[in-house]
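We call the chains A, B, C, D, E and F, going by the order they appear; numbering starts again at 1 in every chain.
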Amino acid sequence: MPVNYYIFLAIALFSIGIVGVLTRRNAIIIFMCIELMLNAVNLMLVAFSKMHHAKALAADAATTVGTDGQLFVFFIMVVAAAEVSVGLAIIVMMYRNIHSVDVNFLNRLKH
Amino acid sequence: MNTLLISAVLGVLMMFSGVLLKSRQVIRNLAIAGMAGLLLVNILELGGTTFFQINTRDMMAFDRFSLLFITVAIFSTLLYLVLSAKDMEKVGINYAEYFALLFFIVCGIVLVSSFKSLLILFLGVEIISIPLYILTGSDKRNLKSNEASLKYFLLGAFSTGLMLMGIALLYGSTGTFSTSFRLGPDVKPSALMIAGMLLLFFSMSFKVSLAPFHFWTPDVYDGAPTVFTSFMATIVKAAVFIGFIRLFNNAFGLMHGQWQLIAAIITAATLFIGNITAVFQQSVKRMLAYSSIAQAGFMMLSLYALSAEAYEGLLLYTVAYSLATIGIFAVLIKMNDYTFSGFNGFARYHPLLAATTTVFLLSLAGIPLTSGFLSKFYMLKITLASGKGMWLAVFAVFMAAVSVYYYFRVIQAMYFKEGDDPKIQVTTTFKWTLVVLAALVILLGVFPNLLLYWVYF
Amino acid sequence: MSVRLTNRSVEVNRKPMTFLESIYLWNILKGMGITISHLFKKKATINYPEQKRSFSKVFRGLHVLNRDAEGRENCTACGLCAVACPAEAITMEAAERLPGEEHLYREEKYAAKYEINMLRCIFCGLCEEACPKDAIYLSQTFAPANYGRKGFIYKKEDLLIPHPVNEKEAYEKALGNKAAKNSYTKTNNSPFGDRVWE
Amino acid sequence: MGVTQILFWFLSVMAVFSALMVITSKNPVYSVLWLIATFFAISGHYILFNAQFLAIVNIIVYAGAIMVLFLFVIMLMNLNRETEPQKNRWLKMAGAAAGGCLLLVLVAALKDTDMKQQQALINKGNIGLIKILGKELFTTYVVPFEISSVLFLSAMIGAVVIGKKE
Amino acid sequence: MYFLSIDWWLILEKALLIFGIVGLSFFIAMYTTYAERKVAAWLQDRRGPNRAGPFGIFQPLADGGKLFFKEEIIPLASNKALFILGPALAMITALLTSTVIPWAAPFHTKSGGVIPMQVADVDMGILLVFGIVSVGVYGIMIGGWASNNKFSLMAAIRGASQMVSYELPMGLALIAVLFMTGSLKMSVIVQHQIEHGWNIMYQLLGFIIFFVCALAECNRTPFDLPEAENELNFGYHQEYSSMKLGFYLFAEYINMFISSAVMATVYFGGYDIPFVNEASWGLSSFWMTFISFSVLMAKTCFFLFVFLWIRWTIPRFRYDQLMNLGWKKLIPLALLNMIITAAVMLWLKK
Amino acid sequence: MVPVLLILIPLVTGLVTFFFKDGRTAKSWALFSALATLVVSVLGLTVLKETKYLQFNREWLSALNSSFAVQLDGMGQLLCLLNAVAYPLVILSAWKNDYKNQNNFYALMLLAQAGMMGVFLATDALLFYFCWELALIPMYFLCSQWGGEKRIPVTFKFFIYTFVGSLLMLIGILYLQAHTKDHSFSWQSFIDLRLPANKQQWIFWLFFVAFAIKMPVFPLHTWQPDTYEQAPTATTMILSGVMVKMGLFGILRWLFPVMPFASFQWADFITPLSLCGAIYASLIAIRQDDLKRLVAYSSIAHIGLMCAAAFAQNESGFQGLMIQMFNHGINIIGLWIVVEITERQFGTRKISELGGIAQKAPVLAAFLVIIALANIALPLTNAFPGEFLMFNGIFSSVTVYHVWFTVMAGLSIIFGAIYTLNMIRKVFYGETIELTRAANDISMSEKLALGVIVLIIFVLGVYPQLMLNETAATASAVNEKFDFVRQTLLEQKK
């Protein structure tokens, strides 16, 4: 497949994530949209990794070029997991106190 | 490398200390001793003694600059701990855990100040961010703290997303995560690379709260427990800035001309917004939050100029800024009333604290013979030396004058207004540390060579 | 320290569990040993409809109103049984025997209506003991299931033993129960009866 | 159009459609489920790339762990269509417009690159297999790997600090 | 995804295999319900079902028939789409797991071809099992939530958190095995055991941990908290009736079956017959396949029996005990096991 | 060595003063320190007049290519002397005042002195800048702490004004430093820089705004009357007597030699501005009822005149300027002392509320008259030679408007005479009123202070050569620069 397709697909997903972040008010859904963005990045990284691999493969059949991209994806997943645990803890803490996860309630600091 | 490993180990140690040790005093002393030890090993490494020979496969480079900055950061953290560690008790029950998180943040600081691979940058930024989200929200009953934490978290995660997208695009165009691909100045970068660079720029701007990506900062700094705001606004911010400049110097240094204008605009916007909004604040804490934005604007000048001297200047700036802000926050934490009027008549009841606070404020305002002046001086100097930044320098100067307005409001309140005794109690250690801090601020202002002597790359 | 009344009481061990204990492994194995041993034991249940367990000799079941050998009802509606009943399950209405009904009732008074509420009855057998005329006795059958409460209020027709002359066979069968009960012997002193399969 | 192409388009459409459903669903639980569907589609892409390890890790980590947590939280908070807060319409449109603009700009910027000639290797290449990735991870990337353990530790402490009742 | 480019014969062969395995799973699951009742009866000195057919052997068919013909009730307040999705997911994930298990020794055709008795010998092998198991949580959660019933929701959340928690020690225990075999492929794991002896000999602790976790993953007693009647009535399938309920119940038994098969494969040599070299018997390939399949089934059945046996022995844990056991006991133990295995292997290598 | 001492003595003693508990000791200590500085500066001007004593260069901030370079030369020496003379006078005159926290007060005063000394002595731009700010900060605290009712906002205005100016100057300095060959901040390399004329324009303004704010020149003067009014009088004396000279001095030392082209080209713009300012200030002074404000506006007027003389850019003007800087300092301090005494005695500064003090306090009145006359530059007073030379300078400047400028300058002098004499008449002569009936004459320390001032007035008035000798060389040196400029421009025109 031309890598272009994957770039566009990933960007589309990424943009959908951003739109979600901008349009939703539920903190959890915003967070989910962020996860969606990360996944778009992952997809793109894998596509690029395979692209670079294909390029290097032409020269050297035993090449391992491209593994770094996939490992980066792995690290992103790892970090995302850590982030989720903390993030949800924070959201739950918030919910415990104000019984809402509406980000529009986040305006106490404005006063 | 010394610092990275040992701070991680110390973090774990602190984590267990909460279970094993009952006395908070002991935990605190342990943390301070640990930090001092960390400083020691880092200085040893600066002198060439590394305990661990680990092949990082060219993902990290402990060059002079990074080691020096780490030293500075750890030193500031040490001072911070000595001054404010006791005040963490007020935040919540997880006393030892807070220290553990601080040590982990130090790990992250080491990473972002010595990375050579985007992967390490990413991990470093995250190791800094995640504990900070927690520390921000550690005052669990306080709605403001909760809110700040959530806000910080959502926006932090969002900017991480942007950053990763940037990294991905860069990877697409270069095929590597190393920052040393260094495209020549005459090579036309691909669209992928430009898009990636911009996304990285924006996300890093988010992390160091440059306008227009700054909007989270005041709320978060205001909402977080003041002890942690102090740490966040100083050492962490400086560290991320170091990462920022490291990234853009190493990876995009040769394309400097192509993004300089953006940097300039963002700098100007940051200076403007930070300073002007700070003027209208009623709470000193919030004012300091905005002032941190303004100071970030000044630090941005180093990115705008991007020369060898810019590194020196940034280092000096981070030192000056961190020391002074830590000092002010240390006093602020003790206060019950964070508004300006809360400081009314402070000098009468606490002349020593007031005097040191004044020194810090003067340093932040950039009055000569304080380290703050010298750092601002450096920033202006490199801006002018880059040959194009006259307007930016003049603008920065005007904004610095504006900053004097709000910094001096505190001084005015302390010295020239009448007020009640704020009834705060401080230990002798606290006082002496403050004095040392103030002395350092002045000493670095008078003899910057003490620090600059070490800075050569 | 309380006084120990028996030797069966054991002090509860409230020691905190050691790590090995707290993973329960050994105790679980012991438990499993016990259960598996039951796999090979003789089964305690029977295939019910096909196999039935015998009642105990002292079993008290459904009430029966007795007739004499000519088929006349023994009951004179004296009410002693109702008085004796602790659950107040028995009600009755007396009536004079009219001329020409001698073949129906043994005495000149009889129970025109005789009801036992089986939902109330506790099958204590006091009615049987109170009856001076040997008119009521408890058989070895139990009340069948029913869909309504009313169905458990047994009328006289439900209680009366079959006519010994007209329905000889049924009478014999019903009597058999009683006979078995009456032939109570010392050989069977277990309160639960012997495991004798019919 | 070969099987690969068909699969590519199918997975792509599924991914985009599910992603759109994530942000348009009124009910948060549906959002979560659609997001899981998206993750599966992305995993499908990984399989097309023969990046088996990532595909399975994506499912285990994202679908199996992360989204379960999300679902937990949402279910416990009992958020449903009625209680789900909604932004006002104009803000929503503005947000959508902003995102759309970003999409357009990025696509426009990246359209004319030399990427058109570049092919991403499908179905071939074994770098996605666990053997190679594992070797790389524990040799070249061992430092970041250990660092990520620190990250986890801090997240763990964090969850305890935040979650523990005082 | 190699099998996209392969010929139709292979697809046919795989399709047959899949049908076979699915059928087998259903069959076993059905008869496990029967076995459950029988074993329960025997362990309690009872007789168990014995009305339908000789020894009650048609009991599961009757049960199935009953479930099919029962009235289908979907609560009005429920979320209809998800209410239907829940059991379907549970069933699908339960069935999917069987794809990577090598059910028997490969069958050698006369023409020299080799037909592996495994649907897909993917590189990820055991990880795939994990992936699918981790997705299996959704069946419970969605069903429980969609029922719009407090008890169902609580049970669903219990079940899910229990499954998520116990996946960890399970994985950690498996890592020690993977250390030894050096591959995630199930076929390699089995082959390794045939050559080097069963893993249970080296990984007793690991097996115990794995087994306990398998109990928890299948929501079996003593970890059947999602169905704790005294607290939650009937658990997450409270509102279900008819075949949807049947799906949930079946899924549980299929899960049991698959996890037994996995245990047999990973720790007990798969289709290997211990102490003998069956290759030297000179049997035809068909018989070899058949025998090896029977061996695996025997092992599996044994584990199934142990599942039942445990159910009728051990009382249900309290929820905090369950979590304590998982996080504070099993995970440290599994880690310890892992480290010791690694250390020993390093030492042996030297 | 001398210049270092001049800076160090007040700096160190000032820092020490903070730690005195007793106000009186602090006062004495400050006086002692001020006298010591005076002695050193006098010695420097007389006995130790060898360059090796008057120069000092020590490595400092080497990383920035800056050094601690100070020099007591022709440009600065008179101002150093003024600074040194002013302090004992100020302290003496304030001897009777009991300020709250006197130790802090005097400490800050001395620190300010150190700063100003540094400004006058520095030959390194960065050091110059440092000292410039060092002089400012103590002033800020002095005014805000011990000033009048509206002190805080007023002082703050003053501070912000000056700070903006100085930061702009900093940019200028940095710009120049970046373009010097050796990247140093030294005065000499700045002069050697010889920026092309078109590049000087910007930089000129960066510097000039800073100096103009300090002086202050007309549109930037708004901070001054308020500050003078609100500041404690002792501080006001220093502010108006010494500090404003920093601006003029800066022009002479840093602006003209370094950027002669731009200075020359903008002279026609700045001269009328400053002269307008002078007239405007004089007019306001005439209408003023508050003594302090009157003196403040008079100061603006005089400074305007001096600025105009500076931008006349010829030898006469420079010489006059340098002399006048010193003399104006002395005179205005004298005036302030009188105002201070008056205010302390009567508790008011309103001219309309005072009158006839001369009858009760003849000595004070006599002093005042002399000082006031000196202020309007009567012959035989010290200001006369200075003003004369300045007029001469303005008149003989090369601009085509020189006549007009002279007329304007003359107007301001006339107005000056009007308000000064008016003030004397109203306050000191006429009938005593209720308030002034109980007036006492001045005390010993005040007599001493005023006596010294009057002495200086007469000595320098009678024998101006003393100063003319000192300043001639410098004036011609600066003038040379402009000769060069004029020549170049002429050549360009041809």
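The definition used in the following text is that a contact is a pair of C-beta atoms (placed from the backbone, for glycine too) under 8 Å apart; a residue touches a chain by one contact, two chains touch by 3 or more.
No experiment lies behind these values; they were computed from the predicted model shown.
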Intersection of contact partners for chain B and chain F: none
Minimal step count in the chain contact network, chain E to chain F: 3
Centroid comparison with chain B (C-alpha atoms), farthest chain: C
Most distant chain from chain E by Cα centroid: F
Contact-richer chain pair (by C-beta pairs counted) among C-E and A-B: A-B
Centre-of-Cα separation between chain C and chain B, whole angstrom: 90
For chain C paired with chain D, centre-to-centre distance based on mean C-alpha positions, whole Å: 72
Chain centre separation (chain B, chain E; CA means) in Å: 53
Distance between chain centroids, defined by C-alpha means - chain B, chain D (Å): 32
Multi-chain contact sites of chain C, meaning residues that touch two or more partners: none
Chain B residues counted as touching two or more neighbouring chains: 119, 123, 126, 130, 133-134, 137, 140-141, 172
Contacting chain pairs - touch in the sense defined above: A-B, A-D, B-D, B-F, C-E, D-E
Residues on chain E engaged by chain C in the complex (per definition of touch): 39, 41-47, 50, 208, 309-310, 312-314, 325, 329, 333
For the chain D and chain A complex, residues of the former touching the latter: 4-5, 8, 12, 15-16, 19-20, 22-23, 28, 31-32, 35, 38-39, 42, 45-46, 49, 51, 53-54, 57-58, 61-62, 65-66, 69-70, 73-74, 76-77, 79, 84-87, 91-92, 94-96, 98-100, 102-103, 106-107, 110, 115-122, 125, 127-128, 132-133, 136-137, 140-141, 144, 148, 151-152, 154-156, 158-159, 162-163
Complex contact set, residues of chain E against chain D: 1-2, 4-5, 79, 82, 122-124, 127-128, 130-131, 133-135, 137-138, 141-142, 145, 153, 156-157, 160-161, 164, 167, 184
Chain C - residues contacting chain E, complex: 19, 22-25, 28, 31-32, 34-36, 38-39, 41-45, 47
In the complex with chain F, residue positions of chain B that touch it: 312, 362, 366-369, 373, 377-378, 380-381, 384-385, 390, 393-394, 397-398, 400-401, 404-405, 408, 412, 415-417, 447-449, 452-453, 455
